[in-house]
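Chain nomenclature is as follows: A, B and C, assigned in order of appearance, with residue numbering initiated at 1 for each chain independently.
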Amino acid sequence: MIQQIQITLPPFKRGYHLVTRELESKLPTLPSAGIAHFFIMHTSAALTLNENADPSVRIDFETFMNKLIPDGDKAFIHRDEGSDDMSAHLKSSILGANITIPIVDGRLHLGTWQGIYLCEFRNYGGSRKIFVTIIGE
Amino acid sequence: MIQQIQITLPPFKRGYHLVTRELESKLPTLPSAGIAHFFIMHTSAALTLNENADPSVRIDFETFMNKLIPDGDKAFIHRDEGSDDMSAHLKSSILGANITIPIVDGRLHLGTWQGIYLCEFRNYGGSRKIFVTIIGE
Amino acid sequence: MIQQIQITLPPFKRGYHLVTRELESKLPTLPSAGIAHFFIMHTSAALTLNENADPSVRIDFETFMNKLIPDGDKAFIHRDEGSDDMSAHLKSSILGANITIPIVDGRLHLGTWQGIYLCEFRNYGGSRKIFVTIIGE
């Protein structure tokens, strides 16, 4: 009924990265019906669902989110870990650390245009752990 | 233990729409305890929980989110699908494509003032598919 | 397989509060594998995951989110419940009302630096109900 697996993604550069296939390739055999919960175990990165086709969408995410939440904002008092740290924490909560996706017929049941983005907010974030829980029957 | 259903909502105009009753009316008999996972299969719309009473809240959502994430921002390079497309993608990830609601005694266990909003970010988004997974006993 | 509990948190002042231990202390014995779904039953507060160490992160959250979504924005038409009300609704949807956390070996499986924040957006929000559903085996 319940399967759990920790996936370690290699370091990605700052930005938004389509990781659907990489994650799917590491999942065990999925049940015929259920949910898959993806949980990133970090506070300066996020997981979100968005367009899986035109890469320019992912570039615009980086541009827009940097403008919305500037690195090194003068108002921040949490500064010890670098100018990209507090901005990363805010982006992580705004985009979210966890997504749940339905499973149908042994596959992630995504819409035609949906893919999973790893959102890397640090300049040098290193590898990231994603813990997956699958509930199904 | 697990039930799944795809609900197709008719086209809604751009904005924020209270769809709790419409969704509830399409659900199967719910278990006595569990969760309901609502997943919108699109990248230019979202689902969120917010106030179910005063409709002015939903108007203010539209006003505020349009100001926060303007259509046709000059910085966007993803422009081929119209000036409301990239802004819609950003709003979708910021508000989120999926919500999970507890089920108690065969009903969605929402707070007194909570309702489910369909957030339609496109000028002409068309009908939207919401895939529901119910886990319970 | 499924356990449910409603936790009532005492009033917290406006701001971001680390409540991981308080919530954990009120949970029943957790299963060896599964998920815990935390659902705040309000539309002017939120739950999010972020850094559990330096308290300045939580102060910066308050500063930044107040700048992003100002109380009493002239554009708001929903004003009857005070200048902190419509801003609270927007923050609630942007940060989110629900989080799901994996359970491993009878414990919440959080990253080293992750904690659960209660985000109180009202000046006088009062006590807040969090409904927890645990699914596991």
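By our rule, contacts are C-beta pairs under 8 Å (C-beta built on N, C-alpha and C of every residue); 3 or more make two chains touch, one makes a residue touch a chain.
Since we're looking at a predicted model, the values are computed, not measured.
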Under the touch definition above, the chains in contact with both chain B and chain C are A
Cα rotation angle, chain A onto chain C, in degrees to the nearest 5, is 120
Rounded to the nearest Å, the gap between Cα centres of chain A and chain B is 20
Where chain A touches two or more other chains simultaneously, the residues are 68, 94, 96, 100, 135
Note: in the complex, chain B contacts chain C through residues 33-35, 48-51, 54, 56-57, 59-61, 63-64, 67-68, 94-96, 99-102, 104, 109-114, 117, 135-137
Counting only contacts in the complex, chain B reaches chain A at residues 1-2, 4, 37, 39-43, 68-69, 73, 75-78, 80, 86, 89-90, 92-94, 96-98, 100, 129, 131, 133, 135
